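These notes open a run of structures that come right after.
One chain, chain A, appears in both complexes that follow, with chain B as partner in the first and chain C in the second.
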Partner chain A sequence: MFEYCTDPETLDGLRWLSCYLTTGKHINFYWSFVTVLVLLFITAPTALAFGFLGAMSARAQVAPVRWLGQAYISVVRGVPDIAFFLFFVIALDQGFEWMRHQAFCPDWTDPIRQGNDFLVCPDAKLPLSSSPQWVHEVYGFFLAVLTFAIVFGAFAANVMFGAMRAVPRAQMETAEAYGMTHRQTFWRVLVPQMWMYALPGLGNLWMILIKATPLLFLLGVEDIVYWARELGGTINPRFTDYPHGDWRLWYFLALLVFYLAFTRVSEILIERLNKRLRHGQAIVGAGA
Partner chain B sequence: MKKLILSTAALALTAGVAMADTVRMGTEGAYAPWNFINDAGEVDGFERELGDELCKRAELTCEWVTNEWDSIIPNLVSGNYDTIIAGMSITDERDEVIDFTQPYTPPDPSAYAAMSMDVNVEGAVIAAQTSTIQAAFVAEMGATLVEFATPEETVAAVRSGEADAVLADKSFLDTVVGTDGLVMLERMEQIGGGVGMGVRESDGDLKATFDAAIQSMKDDGSLNELITKWEVASTF
Partner chain C sequence: MSCWVTIQDYALRSIGIGERLLPKADFTICQQVTLIGSGMIWNIYFGALALLIGFFIASGLAMGKDARNPFLRKPAEWFIFIFRGSPLFIQFFFAYFLFLKLKQLGYVTWLTSAQAGALVVLILNTAAYSGEIFFGALRSVPRGDMEAADAYGITGWTRFKRITWPTMLRLAWPAYTNEAIFLFHATTLVFFSGFPTWQQRGDALYYANYFADKTFNPFVPYPILAGFFILLTLGVIGLFGVMNKRLNRHLPQERRKRLRVRPNLIR
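Right after this comes the complex of A and B.
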């Protein structure tokens, strides 16, 4: 990075540190923070959408839709995250490839399942094995967002389902008495008011989501914890220009500061949002 | 959404043309000198150099991918990459799930590293990496086994006193003994049947290609040179 970095052995103190902290490996580490932040900011609204749909269908009047919503909420909430991330993602990936296989290679005769192997035709591979590495990474990232959204969507659905029931029944009845249809009462009376009840639960979920990002590595996305472990580990001078002992403590301390700062900022923002939502509402004691 | 579908379709089309022979090489990137991430953030080590040479001889384009050790076989089988080249010893158990090329290093003993020379291995607490031949061996011999996900953690456990000794490939332990008072015990264990590349059982062609490439490197002595250069094993 800097010109004087060509021979790290002659450096000491701050100069050494400035070279050490700008190696390609460290740059990867810094990028992984961006990855995690981008993941969070895409996943949160997606999970919210999943949650809203889940909550809406769980209280639908059509029985099969209601069953579907309730099954989604209880099944996904009941499966451990790590199991979900290990099995569901592989199944999802294979599902996509199977669909592409049916579409692109109708003439393929070999079986897709051969013993332990899952083999689709080369054109159906997702991403294609010839695509550059970044395509693979984007695809892995997309799978991660989808999986996080499904898992956290189930929790969000449960929170919103409860929030919808917390809106006083009298308000709904009044709306109906004014002649509003079921749909109108839902969108005009229920939804605007339920956020206040949902926010504490959703805020909680957001905090958990922030801390769940190290699960990314299970999906092959190199996250901040992976790099911290990799960079902090003891390195023998044979394999690096910057040999050092076990520095994992310092790297994990840096992560600690990052996570604490991030959750603190989130807390402040959620509190502000909460105040805004309660402004002018006639209900006392909600959303505390 | 439409745009997304269009661009996926475009991607699929262009990729179909450039289909050539890209082979994705899966490795762990945490097991120096076999494979590790260098200062520039790229895969490096004995297997990087070996893999690149093999691909050159087999006229394949190779792409390097890192994957956690724990899920390295499932991800090969489900097609996320095409080979495993990660210091993986050939064992009957693994051979049931995947296929191996011929070994590119001879069977070598595994060694113990501990904080003092007088650790009695029998009845001690031994650290080993999860799903390795060493972990299986320790479990078998009746010592107390503590497993860790990465090689680095197995060594850290010995330093912190959580385990009395760590059992791993001698070449890996060579890189850590001598620091922080770690020493290598005299006792060695003869386990494993050499290290080979893992490929899917249905990929017979790829296996044959790499078998031939490894053979050609064995024949002209370049494999032995690489082994000596990186000090990973004894030579053929």
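Right after this comes the complex of A and C.
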């Protein structure tokens, strides 16, 4: 990075540290923070969409759709989220490969599950074994986003289902009295009003989503936990110009501080948004 | 090998009693159910002990956060902020490496094991979350109750023991039940977060993950795990429901709060 870094053995103190913290691997470490942020900003709207669909189907008039929506909400909430993360990453991958297998290799006769193996034809492999490294990484990241969205979608669905029920009944009746159809009532009256009731729950969910991001590590993405373990471990002088002992404690302290700052800032922003939405509403805690 | 033999071999495998080697091939449903169930012993151990010890620390934290004296209030606020504001997963990693460093320096060497070290983290974590719940309840103890206590001349420690604390518990109980459920869910993180598994004695998720890795088929072990956890959740709701009834027994029928479990929070 800096010119004086060419010979690390002659450095000491702050100059050594500045060189050490700008090695190629550290740059990867800093990029992994971006990965986490990207994951958050992709997952949050996706989960919101999943949640909206879930809440909508949980209050549908067709019984099977309603059961599906309610089952989605209650199953995901009853089981540890980490179990879902571990489950969906494999299950989704196998599901995609199975679908491609059906589409691309209709002549394939061998069974897909042979004992302890899951074998699809080479054309159906995801990603293809010939594709470059970055495709593998992007595919892994995509699976992680989808998994997060499914799990947090259920939580969001729960919040929105409650919020839809909190909209005063009189509002709906008025809309019906004006001759609006069911669909019109839903989109023009219920949906615009439910956000105020949903926001505290969704804000809570956002905090929880932030605190769930380190679980990316378990999904096989090279995230901040991966790099903190990698960089912090004892490094032998033979393999690096910057040998040091076991510094994982300090790396994880840095992560701890990062998350504390992130949740604190989010908390303040959510509180502001809440105040603005409550403004002028006839509920407890509304600023006039 | 019949299922009964499997149960004899593996039902207590997670605490080191029974067959030493895990099955390597040709996994039966019975083996999976037994071993994952065996792992639940650790989930219950972590969850129950952390709740029990964390409960008392949480009461103290709530009192501290409510105190007027800043020397009591500030530490309680910071404690709650640090443990609620950061992911449990990172807390586990941090604590493990901290304990490892302490071990190298020769202090508290036993803390690097999952049974002790992870338990400490879980205790502090649940204390912070429940402390915040108790604090909220403490703030909403009805003023009338306090005035009635004053009128009867009940003050100081007696007032706290007989009126403030039971009322706080009664108000906090539904939220505290949720916290208990999520604490049990959080115990599945222990063996994925740096703390070593000794002789493959892990918790339920550890075994479920073992089977999923070996068979490359997630559709059997994870639903089994889900089934066990739903049973555990129902058990927790039942136990806490009994306590809820007891806390509310002095109230007239229509004012009693039914325990509505709405687990919409995780860490």
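By definition in this document, the second predicted complex is superposed on the first by the 280 of 288 C-alpha atoms of A that agree within 3 Å, B and C clash if a C-alpha of one lies under 4 Å from a C-alpha of the other, contacts with A are read in each partner's own complex, and residues count from 1 in each chain.
Keep in mind that, in the parts below, a contact is a pair of C-beta atoms (placed from the backbone, for glycine too) under 8 Å apart; a residue touches a chain by one contact, two chains touch by 3 or more.
Just so it is clear, the structure is predicted and the values come from calculations on it, not from any experiment.
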Superposed partners chain B and chain C on chain A - clash or fit: clash
Does the superposition put A:38 against chain B (first), chain C (second), both, or neither? neither
Could you say whether A:269 touches chain B, chain C, both of them, or neither, answering first, second, both or neither? neither
Contacts for A:222 in the overlay, against chain B (first) and chain C (second): which applies, first, second, both or neither? first
Going by the contact rule set out at the top, does A:255 touch chain B (first), chain C (second), both, or neither? second
Is A:211 contacted by the first partner chain B, the second partner chain C, both or neither? second
Contacts of A:236 with chain B and chain C, given as first, second, both or neither: first
Touch test for A:99: chain B only (first), chain C only (second), both, or neither? neither
Give one of first, second, both or neither to describe whether A:118 is in contact with chain B, with chain C, with both, or with none. both
Which of chain B and chain C A:90 touches, first, second, both or neither: both
Using the superposition described at the top, list the residues of chain A that contact chain B and also contact chain C. 86, 90, 94, 116-118, 217-218, 229, 246, 248
Across the complex, what residues on chain C touch chain A? 25, 81-82, 85-91, 93-94, 97-98, 100-101, 185-186, 188-189, 192, 205, 208-209, 212, 214-219, 222, 225-226, 229-230, 233, 262-267
Help me check something: in the complex, which residues belonging to chain B touch chain A? 11-12, 15-16, 18-20, 22-24, 29-30, 32-33, 36-42, 44-45, 63, 65-68, 71, 74-75, 77-80, 82, 97-98, 150, 152, 155-156, 159, 175-176, 179-180, 200-202
Which residues of chain A touch chain C in their complex? 75, 77-83, 86-87, 90-91, 94, 113, 116-118, 155, 158-159, 201, 204-205, 208, 210-215, 217-218, 225, 228-229, 232, 246, 248-249, 252-253, 255-256, 259-260, 263-264
With touch defined as at the start, can you tell me which chain A residues reach chain B in the complex? 23-25, 27-28, 86, 90, 93-94, 97, 104, 114-120, 122-123, 125, 127-133, 135-136, 217-218, 220, 222, 229-230, 233-234, 236, 238-242, 245-246, 248
